[in-house]
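Each in structure tokens, the structures are laid out below.
Presented sequentially are two complexes of subunit A, the first with subunit B as partner and the second with subunit C.
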Partner chain A sequence: MNFRLVFLIMLPHSLSPGSFTILTLAVISSFLIFLRHDPEEEGIEFWMFAKNHYVMYEEEFEKARDPQVNGDLIAYGAMERRLLSGVLSDTPVPDLVEVQLTMASRFFSGPIDAVGFTDLRPLLEAEGLDKRINPASFSPWTREGRIFGLPHDMHPVMLGYRADIVEAAGIDVNDIETWEDFVRILTPLMRDFDGDGTMDRYLLDLWETDYFGIEMLLLQAGGWYFDITGAPAMNSDINIKVLATMVHWTTGPSRIGVNVPRFDAEGNRMRLEGGVIFQFMPDWYAGVMQQDVPGLAGKMKMMPLPAWEPGGRRTSCTGGTMLSIPKRAAHPEAAWEFAKKLYLGTEVAEKLYKEAMIVSPVIDNWDEDFYDEPIAYYSGQPVGRFYLDLANDIPQRVPSAFMVMAQQAMINAFIRTRREAQQAGVHEVEDILSLARAELDTAQTLIENKMRRNTFLNPMEDQP
Partner chain B sequence: MSLSRTHPAWVPYFFIAPFLLIFSVFMVYPLVSSISMSAFQSYGPQFSTFVGLDNFKNVFLDPDFWTAVKNTLIYSCASVMIQLPLSLGLALLLNRPDVKAKGFFRLIFFSPALVGLVFVAILFGLLLGARDGLVNEVLRQVIPGFPAEFFWLQRYVMPALIIASLWIYVGFNMVYFLAALQSINRDQIEAAMIDGANAVQRFVHVILPAIKPVAGFVVLLSIIGSLQLFELPFILLGGAGPENRGLTLVMYLYQNGFEQNDLGYASAIGWILAIFLMGIAIVHRRLTREEL
Partner chain C sequence: MMSMKFIERSSQVMAYVLLTVCACITLVPFIWLGFAALRNPEVYFDFQFIPRVRHVQMMEAPENPELRKVWAQVLPSEGMEISAATELVGADVVNQARNEHLIEYRNGKVAWDMMSLQYFKRLLAGNEFPFARSFLNSVFYASVTAVFATLFCAMGGYALAKFEFKCRTLFTRIVLMALVIPGSLLLAPGYQLLFKLGLLDSYWGLILPGLAPAFGVFLFRQSMLNAVPTELMESARIDGCGEIRLFFEMILPMVRPMLGAFLLITFLGCWNNFIGPQIVLQTPSKFPLAVAIAQLKGIYSTEYGLLMAGTILSIAPVMALFLLLQKEFISGLTSGAVKG
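Right, the complex of A and B next:
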């Protein structure tokens, strides 16, 4: 038999041209596949999805010796799939990886022991690092007491505003302490330039489909999708009040909010043309604005968020990234040393601020002078110092595998409540509360049922 | 000269072996494996808990599943009832002997199918932008007082999806119908004309019966394709859209399998969809048995 096979291959005349081509291609490609050998790079393998992070770290990668560090910039979606495969199916994983908040929730939907990242709490506590980092920044990466990443950022939120418009009207933003003040003092700035009955200039970038704004307001007020145990808290009294207020701000005669998409030409044109005066501005977005809307240089300023109550919290937070060491990392000790050097040092913190306006969560870095430098884009304000002054008030976030579902449920509740308020002709917060409560009760039931289904991760079992 | 005299008996098996191997590993094994997986709650392949038929029960109890079923069925009905008559109409027009430059028009109508769903989704996203979208710009020029912002993709999700899919698939299906129409014997049509049949009668009694097998095939393909809708709403709406109005069955499967990592639950959804598709295929086969 073997002799005949060899005979067939050796004598192409015995095969038709098509068969011979197929066979030849099969043999050559198989041979090449077996020959192929990906050279195993020595040193620490570091995956990241953000190009500006990669650029900032490049110098540190070059400086690193024994072991060397190989930085790989991978597209967000591709990195998520590769990392999930690595964690779930034992395909190769890096030694260090930067994981964004939404991506992290994908890794938290199984049993606690199946989370594919090393618990850093013992290391942080042994070296006293937990005291050197803003406590709120650990919260999105903490599950059942285990800390799965070193925080990259804090992302405090302020309001960025068109100082040229506000100051031309003789308004001093220092007079604004609460959201009530905000609406009362600033509503006269809204304009219907063409007289068509529709406003052309609104006060605030807030819309029913923009979960950034929704989450920032919920967190600032002390609300969130989940309580401290991880159980759903969609219909908490705080969430109901915030939702009713957001509906009040986006409908009827009391409307002050407008849809101004981020990373979008249409949204940026509105910003440039003064279609919106105040925007929620986490530190990272303060950097993005400078690049995306350079035409507003010298026209923008920052102020703390107005509080929900007098004396209340003047900031919030959104997004975030952690640096993790996968459990199956080949060089965990070396990775930990490099992670500390990268994230805790002043050099990268300075680059992070100067290139992306992101303020460091490392408390030791907060005294650095570069945070006090005036930023021309923001009319010479020391924006970094402003953000750091708010750092201690940043709210904590409870992480959950169900965060994306909860976001969608909150958006849906917002859309329905707003529509029902419009149909019923009610626009005052007190009148909208009952509508908001009914919609958030529905959202609560939906999330409870989805969580109950997960037998690995069931905080609902402890609920009455 | 017969094959058996030139090649040993095992040669055909040798050549189909690569296909069989790949088919077994990537199709048969996952298919069989997904049956057992649907009885487990899983977190990746390494962590699973036996839940029996709970996954199926939970699917039917989940309001999101029924939203997905409703959306998918609306889209599928629109696909068949709007798309196919339009395709047939275009094919009939292009099949007229007096139409010039048939090849050019065929290419024009077929060309949207060449670009792919992702491109179409991005294009319609730009067309339907709330402020600067081309549709709103045109409407503002034509209709005095048309609002400065109009959220097509929030208010009219399903019509937007249906119109986008019409743009792609009307021309695509037209090609099938045109091929069927061109295969009709002209003598039959001319005989009907001599017998005094008008255009409608010729269409109902001659053309339609002649293209029935192809029409049945196109209907089946359209139903199966539309029940598998995923990329278009996923890109156009960035997910399920407001109030899950763009949530389809395959997106529901994706959310659970690949966002929640529960492949067991996703397998249960997949089997429900597969059984539904098989049912449609059986009904279709019974209805068109004579032609097939």
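Right, the complex of A and C next:
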């Protein structure tokens, strides 16, 4: 008896009904997969991690011919690993890839020539595109004068607030110019509804573990983790003052901040129930709010950030995405042409705003009428125009491979300073300054040591 | 004697009560998942489980006497449905009164109109989410891997248990050592290897690495040692039975419970595998359900209802399969537990 016959005859005897079911599934599904025709993908390979971007670009992908463009939506973590593998160990890379700010920092850790993305500066300058895009938007993607990506956005920041609560109290937010005004005028809105001695409604979504809020305040004040040369500047005077103020706002009798997590059901519930009145609202988050908390439609409004000093900057920025061409891309010229078409055109800018509330960094697009349309969710305010009015004040950011580490060090400093302030019973900014300075000195030393140990940047023979 | 019986019965009842409580606790996340997939977006975060009709009720000690006067005229003492209150005084007044904590919402009967199958319809419609394609991918990947892995593990285990050959002990030790290496450690070298073999972004790139897991080979080795008498094999050989026929006709039926159990374990493992397909596959049309559903979670925003409905759709088939096959799964795991 030959083997095949034996196998077929004995199969029902050897297998239980369950095993037989799985075997049957294997045979049928193999047959269906074999019959299914997945067309060979040719043309430009485009990776992205944000689903809303993918949806917005789909039409452009379909329109693109000669070469065609294949957009692949890949989960953030998977894309980061694949892209790192691609640039470090020659596994496949796409022709175009959208890289988020935190992810991008990991690609900048080696020597400048080893960064896996094409330097776009010569192309941008040759075509005059560097003048058509908001300069601040280039800053996170620029290292040692080389520009490694076309900016997707600017992400100016405003304060989104519960207009129904603020206006019911007869408060006009136009009276608020500085953070000092903010605290003075709005603190009466905080409430302890159940009388248990703990506030149930706070003014601001700011907490020691929320690096979004921390970074926005640092940048607005003119501080940042690194100076213009890329050297760590954790313990700069501005950072110390901002940290002390944040601790002042999150501890003791002067507390106005509360932890309201983003992208989180619990946080959204707090927003809905009025647990917080004012939120930091970068343009992209203004879009997220509409989708995640539809119950606040018509109750929200926007205002510029209060300045640190009278006449000071009324905005900040956070996050960001660039469109890059890996050095090993198979079709770099075609990728560049498509990148320009996608990012500089009005059509995608309009979709980007209408779908996600993200305003374009391309200066030519700023006069478009769609930015003036009233947004029902934000009580009919032309939110796009508000953001664009702040675009020229957006602070610049210095990129670094050590950004994630610096973020963590800043959060640690915040947590420790807050704890020490509580233990010492000090709540005023002036009293907290010395505590903040000590913690930020520690953070500075930590980042300096980490950077010194980077053998790519400091050869072994130069190490202490 | 009576008291012994009573104690025995009481402890049995206690055990059942305890197990029932534990079973209920285990079910809570599934119930939550079910309601989360059914709640409409506008009330999504308002309720933990079932959406309820909301009543407006007056609170004590309001601060704003004017509003209190309005509400005192409008509200009956037992409260009224929020929709009726909104109709009477307008949404703005209701919102303002709630913000001022002059009124409070109380939950009433179940609000069936706040639940719908909209997320399931959207997922199954195929416009937003390629359910049919991902489902087929999952079935293919899980069933093919499970079938081949079971076959190869049985073969490997049989060889290690019943054949005398050079370095058999060494091979058994290598299998044992492979058991202690965490799978996540193999991700990076595995990725590199698949790239060198040209298997990235292919079904084979997923299936091949799982074809002969050390756990399975060792499990079958132990099972063969216990369940397959060497004398029986020798008798079969004397009667002229070939090695392949011997394996399929005699050996496999003798470890049939283990075959079923391992097949199901591997199937479930592959169905739920997320990190492997996410790293190896790049083309969305090849994504299994686990990875395709993860794409519903955006970095900037997430439609939780859609994600929950997707999770239900992804676990439902495998749960049904498990419920159907649980008897043989358990008998497979316990076979050999009692030595005869």
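By definition in this document, the second predicted complex is superposed on the first by the 417 of 464 C-alpha atoms of A that agree within 3 Å, B and C clash if a C-alpha of one lies under 4 Å from a C-alpha of the other, contacts with A are read in each partner's own complex, and residues count from 1 in each chain.
Criterion: a residue touches a chain if its C-beta (ideal position, glycine included) is under 8 Å from a C-beta of that chain, and two chains touch if they have at least 3 such contacts.
Source: prediction; values computed, not measured.
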item	value
Which of subunit B and subunit C A:228 touches, first, second, both or neither	neither
Touched partner set for A:33, first subunit B, second subunit C, both or neither	second
Dominant toucher of subunit A (residue count), subunit B or subunit C	C
First (subunit B), second (subunit C), both or neither touched by A:19	both
Which superposed partner A:91 touches (first subunit B, second subunit C, both, neither)	second
Subunit B versus subunit C as contact partner of A:424, first or second or both or neither	neither
First (subunit B), second (subunit C), both or neither touched by A:269	both
First (subunit B), second (subunit C), both or neither touched by A:196	first
Which superposed partner A:112 touches (first subunit B, second subunit C, both, neither)	neither
Subunit B versus subunit C as contact partner of A:259, first or second or both or neither	first
On subunit A, positions contacted by subunit B and by subunit C	14, 19, 22-23, 26, 89, 265, 269
Residue numbers on subunit C that touch subunit A, as the complex places them	41-43, 45-46, 92, 95-96, 99-101, 136-137, 139-140, 143-144, 146-147, 150, 188, 191-192, 195, 200-201, 203, 244-245, 248-249, 252-253, 256-257, 259-260, 263-264, 267, 278-279, 282-286, 291, 294-296, 298-304, 321, 324-325, 328-329
Residue ranges of subunit A touching subunit B (in the complex, touch as defined)	4, 8, 14, 19, 22-23, 26, 84, 87-89, 106, 109-111, 114, 196, 198, 200, 208-209, 258-259, 265-266, 269-270, 401, 404, 408, 411-412, 415-416, 446, 449-450, 453-456
Residue ranges of subunit A in contact with subunit C within the complex	1, 3, 6-7, 10, 13-19, 21-23, 25-26, 29-30, 32-33, 36, 38, 41, 49-52, 72-78, 81-82, 85, 89, 91-92, 100, 162, 164-165, 168, 191, 193, 263, 265, 268-269, 272, 274, 284-285, 287-288, 291-295, 299, 356
Subunit A-touching residues of subunit B, taken from the complex the two chains share	6-8, 11, 15, 18, 41, 43-47, 49, 51, 54, 58, 61-64, 129-132, 145, 147-149, 151, 154, 239-240, 242-244, 259-262, 265
